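Naming follows writing order (A, B, C and D), and every chain is counted from residue 1.
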């Protein structure tokens, strides 16, 4: 990929950009920076501008809700909700395993409850079961008004890194 | 959001951009264009450069695999897999409902099978059950070598738009 | 079915019955009585000798653990655990719907955590979400020593009877 | 448990038994015989009179539908459906593991599709993924008219016996 090609594509985007598109491009580029600075450890986390709040035996992650996160109906895309839930649950899982081990998602069961709307989506992960080979974790996603968007449970395998 | 702020952020990103970051920025901006041109109907679909292949009673979507789709272990992020599966299953579901109706995800159950690797992730959605109030859809994600990455089933509610 | 055939089959069973089989036959016949007396509203609930403990916004059901409930490995059969969880969750769901409505299971996602052992399996159902068209309910099964056997979530449709 | 107590309970049951109850008692006692003769390896399988049909890379189990299998609405109890699905999937799983190993259910995700009615419920299990540590299996339950009752997927752990 040549720098010039990226520059030209950017110029094209900017020429006709709506106010909404400017915000989206800004968030995407902020994401590239966040990933480079290792504030987030994956591009998808970085681009969604995930904010992390660890605490004892729990983990919270929040993201801004806007056109970038929405589906064609103007509510948060179910895949985005699943992504943040998988991330918050997996992050908690990884804090629970011994040194030299990691936790990988074996399965997720998500119930979608209500449309994701408002300024922010907040998610919280809690422990259901902590075993020697597996973890069962619960994740819940909320609107900023406290309404539940989705509820998820997942099994995580504990594996040697 | 001022144009100038976006321009400055872009310049910062470009100054120190690695070859890999140039590719990521190019894909993100291509996504912004794809959304503007209505080639994809949500930003997440556009940014992941989802290619759609409808056919009778089935639907396929594929995305390129690269650093943009990967998690911190260098394999496709489980949330990305979930997002493409939710999209391909929901898209199939929406082709099956009568005029004036839509299909929304009620729940998803995803089994993660093997790491997503290679150049492309291909997904296919099939009908398990087509009822008057609900649909049950199956989605499978594959590496380009044919290996299964994940298997998913979901219930979709049929609602009046 | 002639009375005499049932009597002969019973005699056969009794002739060679081990102590364990006597207990099983006694529990099965107790189940037939419990169903007849409407103490339980289905044969499976009656035969498993389900004891019900309703309370505000929660529901508990317990069953005795013995050879009748065990699988070939000598631990509670996963299907029995699923049956009690489905029953306790569905029973709670049905207490939450308006007069003239019922709740039917749309889906269940069960994580099996540890072997069901001991004298009793205790289950508890709690509300995750109470909507106008659906309910999301959580169910947990425990050994009598407090160890979790399984965790389940389910969506229930609210339908007119 | 004394023989005499069982005999007395049986006599009580028989005195007032309806035609339907006679059939139920006969099926239950047949189950006790089937378990004793090792035709079925658990009481729940024996009492439900599960018939097994192994074949290459698939497994089928069918049960008679009657008052014994029904819930209070007169359709097959969701827990019974879950039990037969868990059994057929687990039985297939156990045919796929090496000598000295067993397969145990890690999780099940069941979508209930239509009421179980008719004379028989037929279930079939198929392989979704066969790995070295886990298996992903699919199970489907049908009425004898071919209508789907439920669809299930599950992850099974392969463990040393």
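Rule of thumb we're sticking to: contacts are C-beta pairs under 8 Å (C-beta built on N, C-alpha and C of every residue); 3 or more make two chains touch, one makes a residue touch a chain.
For clarity, every value in this text was computed on a predicted model and none was experimentally measured.
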item: Shared interface partners, meaning chains that touch chain A and chain C; value: B, D
item: B-D or B-C, whichever has more C-beta pairs in contact; value: B-D
item: Whole-Å gap between the CA centroids of chain A and chain B; value: 15
item: Approximate Å spacing (C-alpha centroids) for the pair chain B, chain C; value: 40
item: Distance between the centres, which are taken as Cα means, of chain D and chain B, whole angstrom; value: 38
item: In chain D, residues with contacts to at least two other chains; value: 106-107, 109, 111, 155
item: In the complex with chain D, residue positions of chain C that touch it; value: 1-3, 5-7, 9-10, 12-14, 16-17, 19, 21-26, 28-33, 36, 41-44, 47, 67-73, 77-80, 82-87, 90, 102, 104-112
item: In the complex with chain C, residue positions of chain A that touch it; value: 109, 111, 113-114, 128-129, 131, 136, 148, 151, 153, 155
item: Footprint of chain B on chain C - complex, ascending; value: 106-107, 109, 134, 155
